[in-house]
Amino acid sequence: MKDHLARCVAEAYAQALPHRGSGRVADYIPALAKADPNRFGFALALPDGTVHTAGDADEPFSLQSVSKVFTLALALRRVGSALWGSVGREPSGSAFNSIVQLESEGGLPRNPLINAGAIATSDRLIDARSADAVVNEILDFVRARAGDASIAIDPEVAVSESETGARNRALAHFMASFGTLRHPVETVLSVYFRQCAIAMNCRQLARAGLFLAMGGRDPLTGEQLIEPHRARRINAIMMLCGHYDNSGEFAFRVGLPGKSGVGGGILCIAPGQGSIAVWSPGLTEAGTSLVGAIALEHFACAAGWSVFD
Amino acid sequence: MKDHLARCVAEAYAQALPHRGSGRVADYIPALAKADPNRFGFALALPDGTVHTAGDADEPFSLQSVSKVFTLALALRRVGSALWGSVGREPSGSAFNSIVQLESEGGLPRNPLINAGAIATSDRLIDARSADAVVNEILDFVRARAGDASIAIDPEVAVSESETGARNRALAHFMASFGTLRHPVETVLSVYFRQCAIAMNCRQLARAGLFLAMGGRDPLTGEQLIEPHRARRINAIMMLCGHYDNSGEFAFRVGLPGKSGVGGGILCIAPGQGSIAVWSPGLTEAGTSLVGAIALEHFACAAGWSVFD
Amino acid sequence: MKDHLARCVAEAYAQALPHRGSGRVADYIPALAKADPNRFGFALALPDGTVHTAGDADEPFSLQSVSKVFTLALALRRVGSALWGSVGREPSGSAFNSIVQLESEGGLPRNPLINAGAIATSDRLIDARSADAVVNEILDFVRARAGDASIAIDPEVAVSESETGARNRALAHFMASFGTLRHPVETVLSVYFRQCAIAMNCRQLARAGLFLAMGGRDPLTGEQLIEPHRARRINAIMMLCGHYDNSGEFAFRVGLPGKSGVGGGILCIAPGQGSIAVWSPGLTEAGTSLVGAIALEHFACAAGWSVFD
Amino acid sequence: MKDHLARCVAEAYAQALPHRGSGRVADYIPALAKADPNRFGFALALPDGTVHTAGDADEPFSLQSVSKVFTLALALRRVGSALWGSVGREPSGSAFNSIVQLESEGGLPRNPLINAGAIATSDRLIDARSADAVVNEILDFVRARAGDASIAIDPEVAVSESETGARNRALAHFMASFGTLRHPVETVLSVYFRQCAIAMNCRQLARAGLFLAMGGRDPLTGEQLIEPHRARRINAIMMLCGHYDNSGEFAFRVGLPGKSGVGGGILCIAPGQGSIAVWSPGLTEAGTSLVGAIALEHFACAAGWSVFD
């Protein structure tokens, strides 16, 4: 069985490899624009601790929006269902940074995986603490999950995020004008920008996602991190909202909950089975790793892991 | 195992029963407004032919939008991937009858499960045939699946649909103005209105949905009705788009692909396991059976059938 | 003074002439697509009966949306302020055929000069009569104003309007679904399509508009056609809404109330002074006659007739 | 004639007086919420220097959005037509603080009289100077026009604007994200918030607006402040956009270019005749002074000054 999965990883990598270099590297932040479009990593983490990798699986990249999944888990653990007073859980049908729905829906973002929703989620996670304390909590969490204390924020990316963050500032001030946020805009953004700037590699990211595949329990440490029904629901939100206005396409092709980031990373959860991380910087128009999505499609098919089968 | 599932059905029915009478019966069609809000049926169909039922599982009701799933399957079987030239597969983030996105997206509806998308799907299914021929194909299909040749269209509902169908006419003419439709508007609507007016009971509907749980193969007749990957993808579309702007809520709570109709029916697919049909006419504001959704939430939890676990 | 105005007409014509052939002839109706982009007519009608013309001022063209002004005047005369229960009087900020606002604003169109609003205005003008009776009333009205009983509907254009009228059908059915219309959609559209297909030349159109410049009184027949405050308000609506999402540009450049049509005609009212009609089929992207608008800008400037001076 | 106008002022005041106390005082800024809804002032300034007043015409109030007219005039004087590269001149069809159109229209606000457009106009007026220098230019301009050097910014309102300015900050950051602004957001807002906090009375405001009625020339000082065609065009923009999504209603009822502010003031221009300022804090739902608009409607009618007659 494990051999089979190792073969599936190798096969998915091989099938996607020829597409390397397609897609467009994100250029809205100078630090991201420098990424090499030919890098491509794949890692599959299994509950027993095995990690199967291929390609540049040990090369760190910028998590960007993939980080929203961890912030969501931590916010749910901290404030529970009260989170849903600050953010919805419906697909937006819009781009990741759209502000239109906020206006017609009273400043309440549609879900925690679009930018506005992740900012609102960060706001709830802060819960009267300092921005630094919250950023450290997020870092500690991903370090513990990945079993690697060296995971850190890329300072250049963090500064770049803040300096070029006009659109996210607009979203935050807009929500603030409706009373959605409980902390000052710049405090919230300080958390948001830094969580996006966390650098991890595929091996670390795949391990860090395992608890979502295992009912909220980290199979490596044995800790029940969040309640089983919360893990299930995070997966549901990833499935419906993880790729903005391209979520349908991803569900259609891959059939697994996932979250993409403009750094080129995708975290994909196979409930009960394992956690997959891919990375390749070239993006589709919708901002998902082009090579990564192809690899995941092949892998899910080969492994027979679609939740819709 | 089967005993366990029978107990889950009984339990889910019992848990939801006290909510009977809550919600609002659809009143946009006179024929639907007469439905008794206290009716409540539940049926679970298993691949071996067993059907576990509770309550009014043998009482026919109007399929309404649940029928869109069958039309989608037939259209995919007939025209294959070419269907995606006429309709997308992304959540709309909007109400079932919204016209706004059609304007900004060139007359292409977001997915086959909103009204505009189902009209476009009917148009492709027609494929140069007469409206009557197409309606008969749909009827024959559900009769064969349910193993019951008595399934029929409720003529009163069909007439009512057409007479009060101004909004759907607007959607169809709007798409026609963009060239989305290949047949005359009234031909397409003649199919659309009649498919919505099919009357079935929970027992029949649960059986009719089984092929979607079993990779496109009807386990009762042994026929491979559609290719396995098409069944998987229909499930993905149901998961992401089956309840309009309430799809996230349903995925979050139930965790299974489903499709609701304003007649109070819901068809729910548990991939690899079985097919569930519930019916109770009282609706949530989003147009989903209130009691039905509660029952499904309890059942999925008790059976452990969420795809996100 | 009159000599001065004659010179202004000649000058405006000469200044605009070199732009002939620019712009794009409307092609959404085959009958309009045949128009020669090099035609250009200008007529200024004065309250004493004088008409100064230049170029193709005696060549008939299709009124298209210019007809909405006459329908509005007749509807106000017939049902008075009750009209404002069926249609608003605010700029839409949208294209002439947009349906978006109708959805968020309960099926009530923004103003009588966008397509949806003109359809709603036609509906009120019908007032339980036959479509033919209403079309005859409109025809009789423009014939009497122009002093020319030969004015007629272009039958080819009328048929073309109806055959290609999917977008307008969508608007009408959409309003019907909200209860905005009091008569069957096809009855209302039968009036709407035919009023758009009236053919007039600049000389006739300029004369027909004089009553709006003269407080609702036809200076040629002496009849008080509508109350003075209604004429004033029609002018206000033309100023704010006469050119769809290009109304600001027209007010900015010409400074007079006007209404354009995709046949290339523009009717322009100089309150207290006179009425101007121009025609040239090449349109701007916003659907206004390119050469016509240039001529009006020059004329208004030369005559010193901007209402904003 | 002057006696007639004095009577018109008295009459308009008397007719509107019974409506005092209707409408709702703006409460989005604490400093504004304290305004007495029973205050009501009226002033008519004529080119010869005469000012006819009624009621609380010497009581200062907060200009709020009325100030946008002066900033627009100064920006046009400073950068000329280049201003239209930063802001459009079409009615928005939306609320004063809507952000929706900015998203679909690339960060370019519809016109200089909605909040986003006034912020963009302030940005162009800054033209590489300090915020203080620009605020002083605006103050000097209105002081010179009103012939009263005591006009000042209400410091409490200015602080309040900034502290509660989340929505305007959102608009500014949103435009910044599209590259619409040339200066830092807080510099631009520092000008914007302070211009809104200028306090003037009706007598001063009416005099300050005279140059717009007189082709850009201040009839009291003899200075040609802006070119005649710019004055005309500012009037056109006031007519089409001066009252947000209520501009049509104002044009329909009053028939004169005007600009309202949520402080309860309205500046109204009668081209070639004079300038009128009214003030009463109770607002309609659209944010226009309820009593003020009634008074203007009566005055325009009595004086026969509608531009549409």
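The chains carry the letters A, B, C and D, assigned in the order they are written, with residues numbered from 1 in each.
Here, a residue touches a chain if its C-beta (ideal position, glycine included) is under 8 Å from a C-beta of that chain, and two chains touch if they have at least 3 such contacts.
Quantities reported herein were computed from a predicted structural model and do not represent experimental measurements.
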### Task
Name whichever of A-D, C-D or B-C reuses the A-B interface, so over half of the contact pairs are the same residue numbers.
C-D
### Task
For the copies subunit A and subunit D, give the interface type as same if over half of its residue numbers appear on both sides, and as different if under half do.
same
### Query
Most remote chain relative to subunit B, going by C-alpha centroids?
D
### Query
Where the CA atoms of subunit C average out and where those of subunit D average out, how many Å apart are those spots?
32
## Note on the structure
Taking each chain's mean CA coordinate, subunit A and subunit D are separated, in whole Å, by 47
### Query
Measuring from the mean C-alpha position of subunit B to the mean C-alpha position of subunit D, what distance in angstrom results?
55
### Task
Return the residues of subunit A touching two or more other chains; collapse runs of consecutive numbers into ranges.
104
### Query
Hey, which chains are touching each other here?
A-B, A-D, B-C, C-D
### Interface residues, subunit C side, partner subunit D - complex
88-94, 101, 110-111, 215, 228, 231-233, 235-237, 239-241, 245-249, 251-252, 255, 257, 271-272, 306-309
### Query
Considering the complex alone, what residue numbers of subunit A touch subunit D?
98-100, 102-104, 166-167, 169-174, 176-177, 185
